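Take this structure, written in structure tokens, and hold onto it; I'll ask about it next.
As written, the chain order gives the labels A, B, C and D, with residue 1 at the start of each chain.
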Amino acid sequence: MDWPVLLEAAEAAARATTGRGRVADYIPALATADPEAFGMAVATVEGELHGVGDWQRPFSVQSVSKLFSLALAVAYGGDTLWQGVGREPSGNPFNSLVQLETEHGIPRNPFINAGALVVTDRLHTMTGDASGAVREFLRRESGNPLLDTDPVVAASEAEHGHRNAALAHFIASHGNLENPVETVLEHYYAHCAVATSCRDLVLAGSFLARYGVRADGTRLMSRSETKRINAVLLTCGTYDAAGEFAFRVGLPGKSGVGGGILAILPGRAAVCAWGPRLDQAGNSVAAVAALDTLTTLSGCSVF
Amino acid sequence: MDWPVLLEAAEAAARATTGRGRVADYIPALATADPEAFGMAVATVEGELHGVGDWQRPFSVQSVSKLFSLALAVAYGGDTLWQGVGREPSGNPFNSLVQLETEHGIPRNPFINAGALVVTDRLHTMTGDASGAVREFLRRESGNPLLDTDPVVAASEAEHGHRNAALAHFIASHGNLENPVETVLEHYYAHCAVATSCRDLVLAGSFLARYGVRADGTRLMSRSETKRINAVLLTCGTYDAAGEFAFRVGLPGKSGVGGGILAILPGRAAVCAWGPRLDQAGNSVAAVAALDTLTTLSGCSVF
Amino acid sequence: MDWPVLLEAAEAAARATTGRGRVADYIPALATADPEAFGMAVATVEGELHGVGDWQRPFSVQSVSKLFSLALAVAYGGDTLWQGVGREPSGNPFNSLVQLETEHGIPRNPFINAGALVVTDRLHTMTGDASGAVREFLRRESGNPLLDTDPVVAASEAEHGHRNAALAHFIASHGNLENPVETVLEHYYAHCAVATSCRDLVLAGSFLARYGVRADGTRLMSRSETKRINAVLLTCGTYDAAGEFAFRVGLPGKSGVGGGILAILPGRAAVCAWGPRLDQAGNSVAAVAALDTLTTLSGCSVF
Amino acid sequence: MDWPVLLEAAEAAARATTGRGRVADYIPALATADPEAFGMAVATVEGELHGVGDWQRPFSVQSVSKLFSLALAVAYGGDTLWQGVGREPSGNPFNSLVQLETEHGIPRNPFINAGALVVTDRLHTMTGDASGAVREFLRRESGNPLLDTDPVVAASEAEHGHRNAALAHFIASHGNLENPVETVLEHYYAHCAVATSCRDLVLAGSFLARYGVRADGTRLMSRSETKRINAVLLTCGTYDAAGEFAFRVGLPGKSGVGGGILAILPGRAAVCAWGPRLDQAGNSVAAVAALDTLTTLSGCSVF
């Protein structure tokens, strides 16, 4: 696989989306992102690292962090997690309350906001510091000791967080939170507000391409567990457009409203693309275009 | 891959589910199926064919036929199909009317009943005989000229078909059917009532493992189109349990209430397992157990 | 009560709505109605009859006929009707399928389309001719032997009736129809397509103002039954705007997309206003304005 | 009207419901209520006051207080209230989040929990002390200076209030609260936790029977406004059973999970019945039976 050539082609496809989509503006701290920024990186299981564009420029990880909180909760706690959160696509806007209403406070999957709150809660119970655990993992795997939560973004999320507070209280009303609502929200905001780059994310996500093995060669989780996390990524990782993303790109992946998408080629590589303009479903227009081009040219989707 | 050994282990896992789940009884013609029947077959891209148990015994194909009607509609009509049917998981019971209500008569995906009615309608417009086209394709690919619609099952479906009639009229009220409701229903029932076997289905489904190439070496569709059909199978092919099936089995697959599940290992093989007892989502308990065992032992999921 | 003066004031209010709202156009036969036509009539329990404007001009009764099919089904069959249809407001668009989906084929109330289909079905079982029974009742009470179904409207409804067919099949799939779907639809369309006038309707509806007594002095139903029908009219008679209609007008009433609204002042009078322009909920803009003015000036609401 | 005889008959009907229904137990402070307690009182516009059973025994007013917060918000603020809350029946469980989701944070009506939170919020903006305003009004009208919030009940509500907190945050996320979530919740709990009796409530509610005139002869609101509040009570006052309550009882009324129901006979009287056992919809079994008997015997429903 000639990664530099593929990345170049992917970047060209991403640049061609100029002007399409809108930068997230539900919190002021995100609205200032440069709409035409674009970066992309790949880290192979053989240890190669390639990047194009703004691949080392930090952006807000947002929901991509849910991949890491889920992985740690599974690694530390195993299957008990799935008693409090499902693994089916939601078929509804990503922060919807409707299914919680009819499904007794058990969120559909760990990647909708409600599900990520439950995952954060369980990880907090196990570690005593959910956001610290995510941050520490990201630092170790990426080898970037400066990676940290952006306090302005975290504060902004909290200030505009009535919807997440509603979700958390609603889940608590069904007895599905182990920690106080305020604690869960604080750690949720903290791990979503980490500033990171394509470079950091492909390194941190490589354990999924390596079937569960960390950067230092130790095992975080079993091969079977990585297969399962990849499955949840594919069916639920890109909000209500998971079917569309599978159709076009064909890789397990997790997107965030900061504009990043981290995708996995099992057994081969982790890829991350970033561009702040989002489509209606909340996925980066440029990143989807870049990943679509990459898998189409290389024929390397999971299908 | 030692397929005979894998099939044996899968059969043992399936047999261990004895007594769990219930045979479909919404139409009398299905209720008489032997609950403990089990068969499984695999056809590799190299041309090997293996089977265990009742792998040559006919059963009612039911919704597995939706894979073939979709493939033919895509092969003959290309992307226009997607104007009338989506490709996102439904997140609701497979024959639900709710989403049609809120989404203007565009079914969520081609594998829920509403979506399969639209696919049948389009295939009928293109071929003049939707069920005949499916039947002919199944015969040619499987090399089984006797494969046919079971008229008792088809009549039974029609007689108990108020729900599908409601769906079809509802879609028609949104202007999303090109043919008369009665015609669409007749052809839908006819292709779902085909009697087939694991043997027939793995041969007929092999074009997806061969990236679009028919049994006779000619091309039915492009590689990219097979990738996309596999993606829809993975995200939507097993009713409301697509997330769970991806999580446990990790393969694109299509299930039917006759108890069959046809799954694809892209580039390698087509596998079909069959057992009439169904879980709450409508998927065969024995077939899921068998496929779970097969992919766990062989490590051959797409993830 | 000086009815002529009140009717004049009500007409003035109705005329002031010129240009607001839209004539129903879901079937061609309704779309040709004169948007600025307006009529209003009142029939008191003492036998007075007053009218203004086009009060003797025929229009399509549409859903106002549901009041009469319900009354006859209750008069002939008593409380058993309520096993197949509820009496709660629906809180959803009047022809919605959603609640049928979650409530096992029992429509919320007899005035949404689904409920009226069940009422028509039961009335047909009891009389052998549901639409004939409604027509006959309307003729006898109004003393208008020429009152009849408009065959053009009935045919037009049937032709554009995919939605009602969907509802009927859906109800049948839950076992909540006693007669064939086609029969129920035919009689439903026939009684909704009766051509009638404000004059006819106030005379035909007076039994509710007279606590159950017919025009000829015989009793159709008990006082308690009229109270109950009035209650259902008030909570469910004007589609999704029943709360708003109660708030503004404060009378039990039934509206139709032909533009008519028949309202009851228990113990005093029946009032009917008609104007073809409809608001978003499907109620006549002019008729609501006229009835609002009438009850505000006279202080004669039920509250 | 021979009120003492009517009350006696109503009490007999209520006593006959012994053992049916369940005392509310979602907060401990309510679960200790005597399930067989029953009281009933009537206050006529002529100044008569009658009672039977435990008519002077205090119970938790709960949602009946929503009638008073609504009346004060309308009296002080007029029609602007209706920009933030609707007046249609909800057709869904009384504390549902679903409609808020689809209707942009505007609760369906002022009597579901979400709507009552908005009303409390607006009343707080206008008075600076929403719960104090309700308490003060209840004291003045009932002539009971000792009437007060039960602090144990209020604290218990707050402690088990995740669902109401979720509602309030959700409404706030749509910009439909003027005061902080915590403030609104505190005042909401405080006015729902008032301890009151049938005697107090019929006196306090009599302004609605007197078309807007307070106990001291001054006017709280216009006749038209009382008509409108009565209309909302009839269509929305008894949770999801408003249709059923109108059908059986035929009076505007407001129920609470403390077991009280306050009903209005416009122009004649206010009636309150109380019994802690609730039906599935949350209305008192004994109180509904008593009111049903009262209106059936007296023929005094609004229909």
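A few comments on the model shown:
Methods note: a residue touches a chain if its C-beta (ideal position, glycine included) is under 8 Å from a C-beta of that chain, and two chains touch if they have at least 3 such contacts.
Note that the coordinates shown come from a computational prediction; the quantities given were computed from them, not determined experimentally.
The set of chains in contact with chain B as well as chain D comprises A, C.
At the chain A-chain B interface, residue numbers used by both copies make up over half of all numbers present, so the two copies contact each other through mostly the same positions. Distances between chain centres, each the mean of the C-alpha atoms, put B farthest from chain D. Separating the CA-averaged centres of chain A and chain B is a span of 32 Å.
Centre-to-centre spacing of chain A and chain D amounts to 47 Å, using the average Cα coordinate of each chain. Applying the touch definition to all chain combinations yields A-B, A-D, B-C, C-D. Across the interface of their complex, chain B is touched by residues 96-98, 100-101, 162-163, 165-170, 172-173, 181 of chain C.
Interface residues of chain C, counted against chain D in their complex, comprise 86-92, 99, 108-109, 223-224, 226-228, 230-232, 234-236, 240-244, 246-248, 250, 252, 266, 296, 299, 301-303.
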